[in-house]
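Please go over the structures that come below.
Paired with chain B in one complex and with chain C in the other, chain A is shared by the two complexes that follow.
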Partner chain A sequence: MDKYLEMIRIRFLMMLAYRTNYYTGILIYSINIGAYYFLWSAIYGEKDAIEGMSVIHMSTYVAIAWMARAFYFNNIDREMAAEIKEGKVAVELIRPYNYLGMKTMQGLGEGIFRLFFFSVPGMVIVSFIFPLQFSADAATWLLFVLSIVLSFFINIQINLLTGITTFFLFNNTGLIRAKRVVIDLFSGLLIPISFFPTWAQDVLKFLPFQGISYVPSMIFTNSFSNNEAVQAIILQGIWVLILIIPIQILWIIAKKQLIIQGG
Partner chain B sequence: MFYIKIFFQYVAQYMKTRMQYRADLFVEFISDLLFQAVNLIFILVVFGHTNLLGGWTRDEIIFIYGFFLVPYALFSSFFNIWDFNERYIVKGELDRILTRPIHSLFQMVLERMELESLFGALTGIAVMVYAGMSLGLVISWADPLLFLLFVIGGMLVYGGIFVMIACISFWADARTSIMPMMYNIGNYGRYPVDIYNSVIRFILTWVLPFAFVGVYPAAYFLGKEEWLLYSFLTPVMGIIFFGISILIWNSGVKRYRGAGN
Partner chain C sequence: MKDAITVRNLKKEFKAYSSRSGLKGAFRDLLTRNYKIVPAVNDISFNVKQGEMVGYIGENGAGKSTTIKMLTGILTPTSGEVTVNGMNPHRDREKFVSTIGVVFGQRSQLWWDIAVQESFRLLKKVYKVSDEQFESHMAHVIKTLGLEPLLDKPVRKLSLGQRMRCELAAALIHNPPLLFLDEPTIGLDVLVKLKIREFLKEINEKYNTTILLTTHDLTEIEALCERVVMLDDGKIIYDGALKSLKEKWGEGKEIEFQFLEEVEITDLNSITASSEVKWEKNDKEPIYTAIVEDNDELISLLIAKVVADLKVKDINIKETSTEEIIRNIYDRGIS
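Our next item is the complex of A and B:
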């Protein structure tokens, strides 16, 4: 266990060394939040509420969805692809730890760093620019924290899955890019799931993506009742458990057919 | 003449290299298409809840987005200079560029082109035709010519802005993150500028004129009389911005001292 905690620490310190990169990151996310803020304001126009969300709910939703993305988002899939292509994965497999577990810990270190140096200050800055509404209810915050941790795990599991496909596809840059676009749309980052037509909602209900962005953002904006929130969080937890299965299966197959050239 | 010949020779070489990895090319097409579809889906979903967006109908917004895709596809095929600093300044690749017998910027455009992005223009035209048909737009004899003019204008606006930003590297060595920021600001031009507040509108029109890549030229084909002047400014802005960027580029190249060794 110690070695995994150490990995989190090392990744955190590594990120700290390059922290200037993140100041512009906050600016970029603010620009994106701004674009969607104006867009949604125009969409609402004279309307008070759409699907039970007021315009101020929506701007809070957009802001928290992007800033939470800074926490759960990482490029572990791309890192894995690079390590597999370069053959470094052979060395990783000899080392006395679980490769996938280690990748998860690295992602977590990155996430914790960005939580403190990106998401939190970013959220403060954005709340000065746009009219946002924060909940004063402790229960909401607790549920939100729980939900955002689970959304991190769902996202990194999908990243691990994408990363493992490199063993079979060799070049999966296109797949990685496509995955990112699909997640942005179907996780509810761009549009809350409740805005989709009913048939699309029925389909999305059976997919893990909404656990990434939609659930925590809805909890944060108080758009879920406590009951709904608990149910959604349980569903997130179930997805985390389910996703372990395909990852393990693919991982075992990948290790069996792995060929390292040279080295 | 020489430039045109060189251009087609580079295109031929490019095709040969890309055709070596067809599967990869195919996946790239699909992920491009997906990327364009996401924005379209956003518009469709949103208009399930409202009839007008700042006074514009669904099909008008879709038309603007379709138009935007065309100059943007041209831009991303020929102006792949987002890593100019690392690739050309830090690694000193520019030394090699400067020994070539054609203009340095043109040489770089040739080396870095990504013709598969042109596919986005087809998607854009298809989207425009679909939206135009449901709007009942009539095409006059001048429209195809103006379309071409506006598309080139839009591409030059985009190209001009990005070349100018790349030029920063001639004066400041440090890596800047302005490039990715610009890509995000560029997204503002996809929607009618009247939904933004006046400061942002001013910036999108005169400082970083991304509005000339989407909404202004598209407004002409949608018959929006109030934007007529802006529509016809598109090629002018394109020439002005691209012209300035070339001047800055040339004086930057004069300053360039190489990366050592």
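Our next item is the complex of A and C:
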């Protein structure tokens, strides 16, 4: 376990090594939140509520969705692709650790770093500029924390899956990009799932994406009853377990037919 | 003594895809692709004893790196048996790799963006090295390789030589009984090379560390290894002492002459017509080389004949170098 904790520390150091990335990140996220805030205010216009969500609800939803994204989002899939393409994965395989476990820990290190040095201060700043509504209920906060931890795991598992495909496809830049767009859209980051047409909502119920952004944001904005929230979290947990299966299968096949590129 | 490495009938095949030519071919490639099965390592067997330093040589693409990757558990063999440190490298990978150290000359195993000491610290945790062990062992390694001034620098700011020394230290953090070095001195200057050589010798003596070394620098093999395994086209073509390789394939001695006067090859041939000698003229300098069988009588007779007829400025007797021997083997094959 020690080595995995150490990896989180190393990731912190790496994040600190590139300060510019960190600052531009804050800027990009603020711009995104601002843009979506103004977009939604324009859509709402004079209306009090759409699909049962008020304007203030919606701006809180947008802000929290983006701030949660800072925690769960990472580029582990792109990193894996690069490591596999350049043959660096050889070096990873001569170390006594689980490659995928280590990648998860790197993602977690990045996520925790962003949560404390990015999401929390960002949220404070955003709450001064836009009218947001924070819940005072401890139960909501607890459920929310539980939910974003699970979002992190679902997201990283999808990233690992995408990353492993590099072993078979050798170049999967397109796939990685497509995956990113799919997640932003189907996870409810750009539009809450409840705004989708009913048939689409029904389809999305059977996919893991809404567990990434929609569930924690809905919990945070108190749009779910406690009962619904618990159910949604259980569903997230089930997805985390289900996704382990394809990852392990692909990983075993990948190791068998591994080719180290570049000598 | 127990064997550190046992390899039996090891084989690794790759699928080599080939593209069809032209636009039509490119479309056909979308559906089905042509491939051939290419053996990179073809049925090899060898043993390495604990504490041995073995040079693993061969042309580019002979299958050296592929073998090393199978021995370190990275690649799965197509068939055959590999036992390293008493384990199956691929099956028990996580447990196995903590008993080996690996340096890939062309890849870094340090983290690019962070200070060297942070990489060391992480590796110490990864290999579960205790503080005392780390202190006593690494303090020595750091001192011998002269790494103190580099420890707080990020890896990306190190020169190649500095980085390679750090790589070597990183591979030795857990003081492994077996060390794989895949072209560890590629692109390094003479001083760093010497330092690394001395260091490898030292740890081999001190800890009885087994070292398997691949390199194209034969002086390195000469300096370190008593035994060489030579690979060609995925097959072992020689496995034995470096010395007997020289004796078997060394092509006699070379005697270089420089003369005070202008000389023609034909003159030289006529002088030494009675014995088996081949004369060669150096393209750039007026140096003539006589290649003769390694026989002391013959050599002194030849020199006596030449000196009697011509005024000589300089004479130099050389043994065929290992490099030449190896080059000849690569060129012509072993038979």
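We take it that the second predicted complex is superposed on the first by the 258 of 263 C-alpha atoms of A that agree within 3 Å, B and C clash if a C-alpha of one lies under 4 Å from a C-alpha of the other, contacts with A are read in each partner's own complex, and residues count from 1 in each chain.
In this text, a residue touches a chain if its C-beta (ideal position, glycine included) is under 8 Å from a C-beta of that chain, and two chains touch if they have at least 3 such contacts.
Every value quoted in this text rests on a predicted model; they were computed, and no experiment measured them.
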* Following the overlay on chain A, give me a clash-or-fit verdict for chain B and chain C. => fit
* Asked: First (chain B), second (chain C), both or neither: which does A:I129 touch?
  -> neither
* **chain B versus chain C as contact partner of A:P96, first or second or both or neither** => second
* Rounding in steps of 10 degrees, give the angle chain B-chain A-chain C taken between C-alpha centres. => 90
* Structure fact -> Per residue count on chain A, the busier partner among chain B and chain C is B
* To do: Quick one: classify A:T24 as touching chain B (first), chain C (second), both or neither.
  => first
* **Which superposed partner A:K256 touches (first chain B, second chain C, both, neither)** => second
* Asked: What is the contact status of A:A49 with respect to chain B (first) and chain C (second): first, second, both, or neither?
  -> neither
* To do: Check whether A:L142 is in contact with chain B, with chain C, with both or with neither, and answer first, second, both or neither.
  => neither
* Asked: Rounded to a whole Å, what is the shortest Cα gap between chain B and chain C in the overlaid structures?
  -> 8
* Structure fact -> So the chain A residues that chain B and chain C both touch are none
* Asked: So in the complex, which bits of chain B are touching chain A?
  -> 21, 24, 27-28, 30-31, 34-35, 38, 41-42, 45-46, 48-50, 52-54, 176-178, 180-181, 184-185, 187-188, 191, 195-197, 200
* Once bound in the complex, which stretches of chain C touch chain A? -> 14, 65, 69, 72-76, 93-95, 97-98, 100, 102, 104, 106-109, 111, 113-114, 118, 121-123, 125-128, 154
* chain C contact footprint on chain A (complex, rising order) -> 2-3, 6-7, 10, 13-14, 17-18, 87-88, 90-91, 93-98, 255-256, 258-260, 262-263
* Structure fact -> In their shared complex, chain B is touched by residues of chain A numbered 21, 24-25, 27-28, 31-32, 34-35, 38-39, 41-45, 47, 50-51, 171-175, 177-178, 181-182, 184-185, 190-191, 195-197
